[in-house]
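Let me begin by handing over the structure; questions about it come next.
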Amino acid sequence: MFSVTVRDQFMVAHSFRGEVFGPAQRLHGATFVVDATFRRAYLDDDQIVVDIGRAREELGAVLAELNYRNLDDEPAFAGVNTTTEYLAKVVADRLAERARAGRLGEAARALDGIAVTLHESHVAWATYERAL
Amino acid sequence: MFSVTVRDQFMVAHSFRGEVFGPAQRLHGATFVVDATFRRAYLDDDQIVVDIGRAREELGAVLAELNYRNLDDEPAFAGVNTTTEYLAKVVADRLAERARAGRLGEAARALDGIAVTLHESHVAWATYERAL
Amino acid sequence: MFSVTVRDQFMVAHSFRGEVFGPAQRLHGATFVVDATFRRAYLDDDQIVVDIGRAREELGAVLAELNYRNLDDEPAFAGVNTTTEYLAKVVADRLAERARAGRLGEAARALDGIAVTLHESHVAWATYERAL
Amino acid sequence: MFSVTVRDQFMVAHSFRGEVFGPAQRLHGATFVVDATFRRAYLDDDQIVVDIGRAREELGAVLAELNYRNLDDEPAFAGVNTTTEYLAKVVADRLAERARAGRLGEAARALDGIAVTLHESHVAWATYERAL
Amino acid sequence: MFSVTVRDQFMVAHSFRGEVFGPAQRLHGATFVVDATFRRAYLDDDQIVVDIGRAREELGAVLAELNYRNLDDEPAFAGVNTTTEYLAKVVADRLAERARAGRLGEAARALDGIAVTLHESHVAWATYERAL
Amino acid sequence: MFSVTVRDQFMVAHSFRGEVFGPAQRLHGATFVVDATFRRAYLDDDQIVVDIGRAREELGAVLAELNYRNLDDEPAFAGVNTTTEYLAKVVADRLAERARAGRLGEAARALDGIAVTLHESHVAWATYERAL
């Protein structure tokens, strides 16, 4: 199995609801350093998993929808705790949608899966992985 | 599949028995930077894999039992080479025990697995992963 | 010249005023990974620059005053852009105050300087250094 | 499942054929920081996955065959795009060959798999994993 | 003293002349991860060292002149060994030129110095620092 | 000013004397990841600060004298706390000695200074810098 990963980042404000979150119930924020991994069983004729230029662009487009925002104000996340693990799924699902829509190129239709890791600090990160 | 990882560390002395270890047969030591990963198929209602505060505390408690010690003197490791891969299993098993005992919260009973990586330097690390 | 550095982090929301900030004028947030460096020309009799346990505690105390907050609501920062470089100075100055107040131990009175680096992502960071 | 990883690196020139590569069609180069992971279900009697000294040596030998070269001139890669994902497979396959030839020690015959990650920069890397 | 650093990268082929370089006399290549640091004694009214958006753009422009090239073919480097330390100076000097030309904004005219670090691998890097 | 840095590591056991060290008074150990920096105002005719091959070798030789040892048993450190900051000075001074003895090559006699950083974990490190 092959995979290719590209790294980018976004910066948001948000707050959490629920005692389990302690002081993180207050409005605060985070930089999320994002690793998006594209998996595929075989390389194409160019010897690539995916057009890495397009992968960067599409990841950038997905993150631009989140970057420099207060997630508490985003209708898409109304009533939901935008935890690191939840946001990893949001990014992975949005990348999957773009892959299926052909935005990563025709070859990307052969992708087997996507994994997204969001690093919230040097000591904590979360991953969501899914089939394509 | 979701996962959440927290990082911590411990510092020990130890020595190894067996020619394969070369100069590491002498009493020496290591800093182990520890990444503890908790896996789960679905998020709970708070949108989390595990209460990350508790995860940190329990990881800290497991590492405190090892930290600042000469592992050659620990009865738990008598006659055993405390290699990086072996210690990764020790930490993972002790975390699993605590998860099963409910110390990571009720929700943690839904965890599917644990993986522990011990970094012994910038150029070598070992991982042990297990089901829960 | 000797120095010792300890790393910790805090997570805040904030917004900036001024066209130069572009989309960062919106309420957003950041994780700041903090490296606090203590400099000293000579080691003390214990062969240390500073009691590293106390250094961690005092850094932790300084960051706890900022962590999980919306800096736009903090009276201390009213009318000020809490940029990464500005916050590096805030942390350094507050550490310096604690050092002078003896909270880092008597030996710490011999410190020559403090430098604080705030990493806002894997591709951007800022430092402020000052004498003590 | 256990695994042990060792890190090393090599530096090469190469060029790519195909419009998808854009400016990387020009002769350029890369440092590849290599993580070679050896997987195994059980530890041996020494409590190790593999003799890490030998693992380093064999990885070093594999990389020495590539290091400080223009891959466009290597007969082994004639007519092939030596992408990061392709080279990850080259390194993994050559390590697998050496493992099967007994160069990693007798115990290494019990290895279940090998994974090789090549980091081409701080923001892009590729992995190939295979059974043994 | 304040500083702000931004990170980017470029990938080149080159060879060295001189016995001291051993196998690096062959045509090979490198990824250079670049940290460009801008120093200034005081913050401006926006509380910044430099417009970080412009700093990124200008660094990107400087690196684009080098990226995906064989430096042996660049007239600017004819007869010169493009070592890591030499290239750090090239990048710093070109950034300094742009700062003086006003491309980093008027405020950047108050910059005191620039430092550029080029990481050639996880185990080697070089820095050049200069006044402005 | 130019500098070149190379990274290596060593692993030791040791214990500390003095209440300030708390549990680190027990015999324990550490991996020290070492960054050795060589500074020089001008490059030589090869466009280098120092022969990086020799720099690696000499750093390796200095660390080999410490690696896989219990520092409490080393006559050189009798009655001394081998703290991270103290060991940074030991490594820097031994490198300086070798530079002066010509082991880094004739060109290295033009070096202006050496700095050594020892990382004891992902959250703590110490540096010693000196003239040459």
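We just call them A, B, C, D, E and F in the order they show up, numbering each chain from 1.
In the analysis below, a residue touches a chain if its C-beta (ideal position, glycine included) is under 8 Å from a C-beta of that chain, and two chains touch if they have at least 3 such contacts.
Since the structure is predicted, the reported quantities are computational estimates derived from the model, not experimental observations.
Asks: Taking A-B as the reference interface, identify its repeat among A-C, B-D or D-E, namely the pair sharing over half of the contact pairs by residue number.
Replies: Matching pair: B-D.
Asks: More than half overlap in residue numbers between the two sides of the chain C-chain F interface, or less? Answer same or different.
Replies: different
Asks: Taking each chain's centre as the mean of its C-alpha atoms, give the chain farthest from chain D.
Replies: C
Asks: Per the centroid of Cα atoms for each chain, what is the distance between chain C and chain D, given in Å?
Replies: 41
Asks: Quick one: chain A and chain E, Cα centre-to-centre, how many Å?
Replies: Here chain A and chain E have centroids separated by 31 Å.
Asks: Could you put a whole-Å number on the gap between the CA centroids of chain B and chain F?
Replies: The mean C-alpha positions of chain B and chain F differ by 30 Å.
Asks: Please set out, as single numbers or ranges, the residues of chain E touching at least two other chains.
Replies: 7, 122-123
Asks: Touching chain C in the complex: which residues of chain A?
Replies: Per the stated touch rule, the residues are 7, 9, 11-14, 23-24, 26-33, 67-70, 120-123.
Asks: If you look only at chain A, which of its residues touch chain B in the complex?
Replies: Within the complex, chain A touches chain B at residues 16, 18, 20-22, 80-86, 88-89, 122-130.
Asks: Residue numbers of chain A touching chain D in their complex, please.
Replies: So the residues of chain A touching chain D come out as 1-8, 43, 46-49, 51-53, 105.
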